[in-house]
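So, here come the structures, one by one.
There are two complexes below, and they share chain A, which is joined by chain B in the first and by chain C in the second.
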Partner chain A sequence: MAGLEVPCGETLGRHKVNGEVEMKKSSAFIMVVPGLVILAVCLFLPLLRVIVPTFSDGEYPFSAYISFFQDEYYMTIFFRTVKIALITTAVCMIGGVPTAYFISRCSKKWRGILLAVSIFPMMTNSVIRSFAWINILGSNGIVNRFLMAVGLADKPVKLLYTEFAIIIGSVYLFLPLMIVTVSGVMENIGDDMMEAAQSLGANRLIAFMKVIFPMSLPGIIVGGILVFTGTLTAYTTPQLLGGNTNMVMATFIYQRAMAVGDWNGAAVISLIMIVVTLIVIKGFNALANRLDRRGESNG
Partner chain B sequence: MAFMTLENIAVCYDKKKQILKGLNLEVEKGELVSLLGPSGCGKTTTLRVVAGFIDPQEGTFRLDGDDLTKVPVHKRNFGLVFQSYALFPHLSVYDNVAFGLKMRKMGKDEIDRKVKDILEVCGLTDLADRFPQQMSGGQRQRVALARALVIEPKLLLLDEPLSNLDAKLRVNMRVEIKRIQKKLGITTLFVTHDQEECFSISDKVAVMNQGVIEQYDSPENIYRHPKTEFVARFIGFENFLDLKKSGDVYQTADGKVFAVETPHEEAALTGTIRPEDIEIDREGRTANVLEGTVGVRTFLGKSYQYEVSTSAGKFMVNMRAEDQFQEGDPIRLYLPANKLILVSR
Partner chain C sequence: MGKNKLLTAVAVLVFAFLIIPLCIITVTAFGGGSAITFPIDSFSLKWFANVFSLESFRNSFLTSLEIGLLATVIALLVGIPAAYALARSGMKGKGILKSVFLSPTIVPGIVIGFVLYQFLVLTLRIPVFAGLLAGHFMVTLPYVIRVVGSSLDQFDFSIEEAAWSLGCPKMKAFFRVVLPNITSGISAAFMLAFINSFNNIPVSMFLSGPGVSTFPATLMNYIEYNYNPTVSAVSVVLMAATMLIMVIVDKTLGIASLAK
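On to the complex of A and B.
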């Protein structure tokens, strides 16, 4: 998440730096070295080890990548993955932002309780969570039994092993992340903001849209990036809820590498995913900067 | 009927404690009225009832004859200035000020004209493109004021608007607020706990104590004739002595006699006098005199303040630099009849 810039945190960071005694550049560098070494050994080295060979695969340097984008089956998986990640992100935003605002307005005690409750799903194992959804969405699951009982369906509706199931599972998985991130930002927005907007003639909904939402945008962007990258790279949920017909990039990589033994193909897809992630993060940040120009000329 | 009235307003946040206990207030059109009182006495609560953030358990709030008690905040059209200013950090000065007009679905040109006008009045024309965090406290204060005024509110409500500014700026800003308020002729409620600030700016002052208004009058009248001991204490009286009526004069418990200029109907009350109004008796008067011993001295610049122990308790006395006393000196304090004021206990 190297490109992650939080527009609002910037001012915060600056204050912090101003409050501290400035360090000599050399000693600051020495303190950074261990971190850099660990990063280099544990992150970049394996990455390079996997990525570099993909460029010499085939007739000319990028042929592995070109053939990926020319393959219809690959592209279906690629777009399905991106689509699922985008929809999941959107649903998490729509559901998470108002929830986060509600939680942020509660008293300290209730805030703690509600946050703990919303994080709870995150603390259970992702395999178990997915099995819970299989139980709910399966042809003999709760939803289908209900639909048939009230007569809305005469035979089980296919819910499990669809993109829909993956999205449901991913939303369930990542919504807490959104809520926690956004409510953390919203906690710092005083009641006086809402009240000022109301006094100027905005009802609560408009005040939320015009003041609270833009003010919490930095948090929403961070939450969005977390949810998007999380969904994009999630393996267990799409594997268990999507089945073999709804493969996504992560499950596809696994299949390439383990089942087919095509390590190079897997590496190609990995790099493409990394690039997509970076592009989306850039896009999110560009969007945030467009919507939030405050303090632009601030030196 | 007055332009704005609060009738018998009762508010409690929880069942145990009542914050406002049947508060009444009348404000005439175009007046600037201050709510003055110590922290926690319910000033903000009163203002929030007027603004519409609090629905009082009892009582009625009227403006111009209309009952607005149940009208939601965003339909009241009042200008609010918060202690924290509450400027929107994601909007420029211009957009902060334009916010209320946009909510009223005004045309772009009309918004532009009105925003520029009010920025001019508030001396903000050059800062229109700044963002709140790029400005000083005084500038933010002006923006908050401009934002509240541009919607041409029926009432302007200010909650301790100057308390976050340094002393000098505070004085400038209160003159500024008064100037703009008179220029626009807008009825204003001003909350403060600073008596000097409040006296300098207000047409009328409501002194609050524990959820009720103890005295409501012009600053001059309150300064000269506080009605209760609480009000007297709050506006700078420091010396109090218990008195009982006996005929035309008043007596302390040990029989010392005091005459006053303005009598009081109650039998048991408190006499009070400002430290600077006490004189030294050198003529051997028999009435309006307290004997005491000089205690600690503090330097106030123009004068010295002495703490004097008397049979009626400790008295604070201000004296010019030429009258020097030493700790332990005996002293006779003369409390002139025209300066000794009687207040209810």
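On to the complex of A and C.
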């Protein structure tokens, strides 16, 4: 999830001068080679080695993929995963964008404090963050005991091990990421924009909708990509909060490979996850770049 | 400047949503009963004692520390020169090369673990620990490339050129002029890469074996079979460590350096 950058400003170091000052091609080559070799041996080669055989698996080329998209059970898992990722992204935007805006309007001291409060959950292990929701949603958890104490339920309501639990856990996991990403962009917009809009007669809401929101839209899209792809590929939260009946793609890979021994099936799902991630990243990044006029110089 | 009430209300709700679950865990860690209850019936520190007495926790904690540090150091050794070359040279296809270096981020962690287990461990018979290290290298490398890269983008290379023109060899200029100017970027990259490796689970799911299991994976396994305040106590210990790290980072690099 680290691969995206909020498009902003023009990069320095462009003042590359001819001849002498530019780095020799051979020394640049030596500097990138070790990294490339490790990537090739420890990522690209294993990926190819595992995924390429799936193309010829079955009676005709790509039949493993065709039967994946024809299988009702597989499709249930695929669409469940996409649905959870979409809802999570929407909720993170609804909660995260106003919060980011709130942070960007605070004094410098409060901005630091609120940023720290947002970063802290990001630095906390996702097992712990999911565990928190087991305590809240479980049959003997806080919500159920409250419901029974006030008489709204006479037996525990099933909240844990549902899609709802995965969504809440995913929002909890990725909301800080949304806040931090968007507030970074909003801080760069600056107060003078807002003041200019207000002095020209716009009220706060209109100034936000017409000035701040459009200007931070590229950042919001980038935050959205991070949340969507993060949820789509998340393993820990669905495993702990979804249980065995609410499999998503990441937990399904593990189950196919380890419990069933269907290594080819796991490889098929792997490629589908990579392709969906790539499409979302490339597509929406292009959109963010187009919206971001300042990003033109970044190419 | 009049504060918008609706905006404040949303922000308060969001922060309450973020903080309260972690506060609940913290309280339950001090419970005296054998089941997790909130609020707690009695006060006890026994779950903390339990955390430190469990051998599987201790061993896996050391494994995670070792893997995280090794992966981060290797990623820095490999990533800093690469980031420098990407920022400095007029190589063709620089954009493509940068996306190659960031490509581990588009491969889901569980998939990285899966293909490394199949290829490195099962096919090439490389020890699980080395496979796990390779997986965590993929987690850490993009942070180094990105954070050190953005640090280099801010660096005024005319300083380095001044050193060259005064007769300083290029290698020496890199170590004496460039590196000291990007140390905050390197430190931030180190922290981010290490924390994310330490916390990572999906990459490690397949890459475990006898005596090789990361801390979060062990914790997750423990949760699936036990439901008692031991996990709450572990969480409190880890959160305290996280806070300590954040305070140190805030005092040295500024808290915003973790927001990358």
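By our rule, the second predicted complex is superposed on the first by the 238 of 299 C-alpha atoms of A that agree within 3 Å, B and C clash if a C-alpha of one lies under 4 Å from a C-alpha of the other, contacts with A are read in each partner's own complex, and residues count from 1 in each chain.
Everything that follows uses one rule, which is that a residue touches a chain if its C-beta (ideal position, glycine included) is under 8 Å from a C-beta of that chain, and two chains touch if they have at least 3 such contacts.
Treat the numbers as computed from the prediction; the structure is a model and nothing was measured.
Of the two partner chains placed by the overlay, only chain C lies in contact with A:Pro46; chain B stays clear of it.
The larger set of touched chain A residues comes from C, when the choice is between chain B and chain C.
Contacts of A:Ile206 after superposition on the shared chain: chain B is touched, whereas chain C is not.
Of the two partner chains placed by the overlay, only chain C lies in contact with A:Thr236; chain B stays clear of it. Of the two partner chains placed around the shared chain by superposition, chain C is the only one that A:Phe131 touches, whereas chain B remains out of contact. Look at A:Met215: by the touch rule set out above, it reaches chain B but stays clear of chain C.
By the touch criterion stated above, A:Ile38 is placed in contact with chain C alone, chain B being left untouched. When the two complexes are laid over each other on chain A, chain A has residues 11 in contact with both chain B and chain C.
Within the complex formed with chain B, the residues of chain A that make contact are 11, 190, 192-193, 195-203, 206-207, 210-211, 214-215, 217, 292, 294-295, 297-298. By the touch criterion stated above, chain A contacts chain C in their complex at residues 1-5, 11-13, 15-17, 20-25, 27-32, 34-36, 38-39, 42-43, 45-47, 49-51, 95-96, 98-99, 101-103, 112, 114-129, 131-136, 140, 142, 172, 175-176, 179-180, 184, 204-205, 229, 232-236, 239-240, 250, 253-254, 257-258, 263, 266-267, 270, 273-274, 277-278, 281, 299.
Residue ranges of chain B in contact with chain A, taken from their complex: 51, 53, 72-80, 82, 84, 86-92, 99-100, 103-104, 131, 133-134, 147-148, 151. Chain C makes touch with chain A in their complex at residues 2, 4, 7-8, 10-11, 13-15, 17-19, 21-22, 24-25, 28, 35-36, 38, 77-79, 81-82, 84-91, 95, 97, 99-112, 114-116, 118-120, 123, 134-135, 137-138, 141-143, 146, 150, 152-158, 161, 164, 170, 195-196, 199, 201-202, 205-206, 216, 219-220, 223-224, 227, 231-232, 234-235, 238-239, 242-243, 245-246, 250, 255-256, 258-259.
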